[in-house]
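Listed after this line are the structures, all set down as structure tokens.
Look at the two complexes coming up: subunit A is in both, with subunit B in one and subunit C in the other.
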Partner chain A sequence: MITAPALLLALMEGAVGAAVLALTALGLSLVFGVMRVINIAHGEFVMLGAIIAWWCSAELLGAHPVLGFLFALLVAPLLVGLVALAADWLVLRRINYDPERTILATMGLLYIIQQSVLLLYGPDARPVEPPFYFRVQLPWFGYSGYKLIVIALALALLGATWLVLSKSRIGLYMRATRLDAETAQAFGVPVRRIYAIVFALGAMLAAVSGVLIAPMRQAHYLMGTDPLLLSFIVVIVGGLGNLRGTLLAALLIGLGDGMISVLFSPTLAKMIATLLVALVLIVRPGGLTREGAS
Partner chain B sequence: MSVRKSKISASLSRRQLLTGVGALSGLQLASNFPAPSFAAGNPIKIGLQAHRTGIGAAYGYWYERTSVAAVKVINDMGGIGGRTVELIVEDDATDAKRAGEVMEKFATQHMVDVVFGPLFGNVVGASAARAGDLKLPLFIVSEGSELAEGQFNRYVFQTGITNVRSQVTAISPWVIGNVGKKVTMIIPDYIFGYNHRDFITEAAKKQGGAVNAVIAIPPTETSFTKYFSQIPADTDAIYHVMVGPGVLTFVRELGEYFGSKGPKLFGFIDSLEAVDIASPGLEFLEGSHLWEAFPRYLSGLDSEGAKFYRDAVGLDENGASKDNAKEVSTNSHMFGCWETLFSIKQAVEASGYKAASDRKALIEAVEAITSFAEGKEHPQGAKQFIGKAHQCFGRQFISKVEGGKLKVVHTTSIEDGLYEPKADYTTQAL
Partner chain C sequence: MKQLPLQSYALHLLIILALFLVQFLLPAYHYGNLTRIMVYAVLAIGYNVLYGYTGLMSLGHAMFFAAGAYGAGLSVHWLGFGPIAAFASGIGAAFLVSILTGIVVLRVSGVAFLIVTLMLAQAAFLATLYFNSITLGDQGIVITLRPIEIAGTSLQLSDPVVKYNTALVAFALALLFSLWLLRSPIGRILIAIRENEARTRLLGYNTFLYRFAALVISGTMSGLAGALYCLLFAYVGSSFASLQYSTLPLLYTLLGGTGVTLGPLAGTAIMYYLIDISSEFTSSYMIIVGAALLIITLWFPDGIAGRARRLIGRGTA
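Moving on to the complex of A and B:
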């Protein structure tokens, strides 16, 4: 039976899911839109972000959780961005960003990252102290205060990314490369460098969402699979490489997943999301929003 | 002429070189073959199939640590039947497909005498089937009730730990009588969870209670709040048993959702294995009850045997690693490895087992066992063993969370958990 409190809980859970998912999927969509690279290792960047968040809170600092969290928000995207730059330089560039070969290459990257983390960090799921620990007591149920903060932080980060893409010179280069790489190059856009930057930026977005997720769900070496799957669903539903569509789809899928999970069952939510992908591919292969330039 | 000659000698030397290389690589290949096992003092080889990685990793770590400690004790006692024990560990990644491969590896590559160790139900099922094919004795350290129901084969035993059906049979009168009559169950969505669901539903009915909702959650799940709205408002008691890497998140989110005002809680310690009960966010557990197979805190069971066992494994009085108080053990499960190894010792020595050709005698020797006495070999307590069903039965503990620690408030007898198992493996041919 659907009651008002259940609906509220569903909305809240959905909003948290949608916010984090939007960050992750935006990274994946950006990489695909600009570089035409389908990055299978994208979920592992999320996982790396969460693992680094654990290191920052527990191993290195041991200080106040807020400091550790802020430090992680800074360090995780930087480190993961470097990993992505290295992957771009060592692998993707060597195979000339060929779409088919990059799928295989990034799949290899997925295993390399996952197994390296298994070796260095171990197989345990480890809790990450949330920066703020408080419960919001509603008349019907309680809710984690940190989750509400995650929504705000994710929105702020999305806004910042949007600003970079639409207002800065580098954002202009990215959009130009996305529309037509050859023409952009002819106009003096350093396409190769833009590729590297975009790949790093995509990874950084994933890493940030990993840092946000870690205090809610612990850090574990296998945690990259779920965000990858959901991000793919979002990117397909939103239209491959279409950033505005991606955000819209993240909202739809995230909220929908939360709502259906709470009101019915999480399995049904996954089924409907998958069905939606199939429907979109058949009815509107371009995505829900038609070719909206970002 | 001279040119030609030099050509010939060059080609000859190349051929010689190639032959040399071939011979060398042949030698190398030959040296890769394993030496016959009796060459090195003829140890008895025991394979540990461990969940080193994957979702059962926390258990895998402690299973291995406990087994290494037990093997050291056994070897210090003079080994098994005068032979040193060699422990060979293989990781099954808590994965059913990998489990079959690991069994294969144990049988053909390591040529072990027996295998023990798998815990997670789906993995156990796969290993058990392979054990039957390979005719390799397998001692599971699981809690699945399928073995005693007759679903495995004559090569599979459970000598070190009681199964879910027996645990639930033993504790459910206390739970229904003291915690609540209308029970909502939160269980992992696979065979282990279904065991709980089936046996608690049955037991609750007998005690005049009822299960009014069952919420099954995949063991790989990482976020749980979304499931809690399915808990009916008139629930008196929540019975929770969760496994997998997300257990801490699970209990934490349960606390966020209910605070201190929710229904009463009764949990299987599985929901908190390897988790520090004093972790932030778990304060709401205060006053709730948990089942334990082996009390985590020394105060709950401080017999000579238990003390000896805890020292050998390196546990402090809070059930954490002596050298790292944050490394909390899976104390209610891992003792099963210790006790299993000692039961293997007992059976091997009773049967006069020497080599793989004596497996029939070994299996009959295990089936002939009727009980294990409490002591250093069986620190959890005395056990009754039903040979035809290959299953042991022991006592259970119910503990209350007090001041962020677990305090044993009720101990069941072996008879409380005893039931007539369906299986009779002795009728199967060997």
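Moving on to the complex of A and C:
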């Protein structure tokens, strides 16, 4: 029997999951939308973020955990962004962003990142200390204040990304490249540089969500697969490269995944989400996409 | 230049004969390795039917491999099937899974096809963990098999000689089948779909049905490899459904050369030994898979057999 407190708890967990998933999936969707690149290594960027969060909190042991958290929020996106820039420069650019070959290349990247972390960090899952311990009193129970801050931070970052995309010059370039890269180039948009920036931006969003989830779960070298699976589900449901669809789908899938995870089991939640997507594809061939199937 | 079919069959039969003969020369360690390589090559040959011939890149073949392995392993463990019945049930399971998967994934094409296959395979992997009362999840099941009784002699699948030759028979059949398929009218249409689907459809072919057939053949062959692997090495676990078993056949095929019938064998053998050697030095040996993927993508998009074929100037495809 599902009781009201359990339902409220599930709803809260679902909201946290949705917020973090929105960040991760937005990164994936942005990269696909602008560059037409499916980044199989996207989940590894989340994992790298979490590992860096662990490293920061271990480095700054003894200091206030908030310091380590803030440090991680700064360092993780920077480092992961650099990794992404290097990948773009060394690999993606050289194969001219050919869709099929980039998939193979990012898959190679997945294994290189994952196994390098295994080599340097080891196979253990390590806990990361949450920066805050205060609890917010809800009816029936007190809820982790940290998780509420995660929701707020994720929303702020989503807003910031939206502002960059819609108000800044670089955002204009991104949107132009997304619509038609060749025409954009003809109008003087530095398309190659935009590609590099977008790939780094997507990776940074993933890294931040990695930092945010690290204190709630643990940092482990195989933790990239769940965010990858969920982000893929989100971009398929929301429409490949469709940012608004991505956010809406992230809310739906994240909430559902979080709630079923609490009420039943996390594994079951992911299976149900996948089957749901399979059903959607059967009922609406081509998915819910507007510009999807290439 | 087009090769005579007879010449091509002769070349393939020669390779099968060579594989038969080397078993009398190989030391035990490599003997076991080659057994595994031949089983994995069946998986890669199955993969090649879909990717190499039809041009559909799947990231979900672990699902078919695992369907075959679980179909065989679970029926031995829970129902007490003998080896032959278990093998058949593994193939049947993979066949069913292929049909169900085809209904879903062929609704989409291009990159969406890739994402959906990966997604379904990850869900299948999670399912093997979720139903761990049946599958025993991560830990897996070690199966004990009855011997096969044929014409008064009893064959024990744990005997290395029986293992090697069973794998060889399966490999030979898969190889010859793939060669026949490639040269048959169906194979020609699959290649036409790879090159230009719209044009093939315009010629009046129902391309959906052909793609569906390619997926079911490919999935069933991969499942056959899974069933064989489970029966020969007496184990099935959820790692069989993990991303690794989707990546490896793709890599074997790419390394060997896509669309070349002998490519999967070459790719499997090389990659197997690369992984085997590097696993002696580090537990992060899968890094070699990542490196190989990057190197192939950057510098060898045609693979080894593809490059050799271009050098020799004649093709099997």
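Convention: the second predicted complex is superposed on the first by the 264 of 294 C-alpha atoms of A that agree within 3 Å, B and C clash if a C-alpha of one lies under 4 Å from a C-alpha of the other, contacts with A are read in each partner's own complex, and residues count from 1 in each chain.
The rule we apply is simple: a residue touches a chain if its C-beta (ideal position, glycine included) is under 8 Å from a C-beta of that chain, and two chains touch if they have at least 3 such contacts.
Note that this is a predicted model, so its numbers are computed, not measured.
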Subunit B versus subunit C as contact partner of A:185, first or second or both or neither: neither
Which of subunit B and subunit C A:118 touches, first, second, both or neither: both
Touching partner for A:103 - first (subunit B), second (subunit C), both, neither: second
First (subunit B), second (subunit C), both or neither touched by A:6: first
Subunit B versus subunit C as contact partner of A:270, first or second or both or neither: second
Partner chain in contact with A:142 - subunit B first, subunit C second, else both or neither: first
Larger contact residue set on subunit A - subunit B or subunit C: C
Subunit B versus subunit C as contact partner of A:223, first or second or both or neither: first
Common interface residues of subunit A - those touching subunit B in one complex and subunit C in the other: 118, 123
Interface residues, subunit A side, partner subunit B - complex: 5-6, 9-10, 13, 118, 122-125, 127, 129, 133, 135, 137, 141-144, 216-218, 220, 222-223, 226, 258, 261-263, 266
For the subunit B and subunit A complex, residues of the former touching the latter: 52-55, 57-58, 60-61, 218, 220-223, 225-229, 245-246, 248-249, 253, 256-259, 274, 279-281
For the subunit A and subunit C complex, residues of the former touching the latter: 32, 38, 40, 91, 94-95, 99-101, 103-105, 107-116, 118-119, 123, 225, 229, 232-233, 235-236, 240, 265, 267-268, 270-271, 274-275, 277-278, 281-282, 285-287, 289, 292-294
Of subunit C, residues touching subunit A in the complex: 57, 59, 103-105, 107-112, 114-116, 118-120, 122-123, 126-127, 129-130, 243, 247, 250, 254, 282-287, 289-294, 296-298, 301
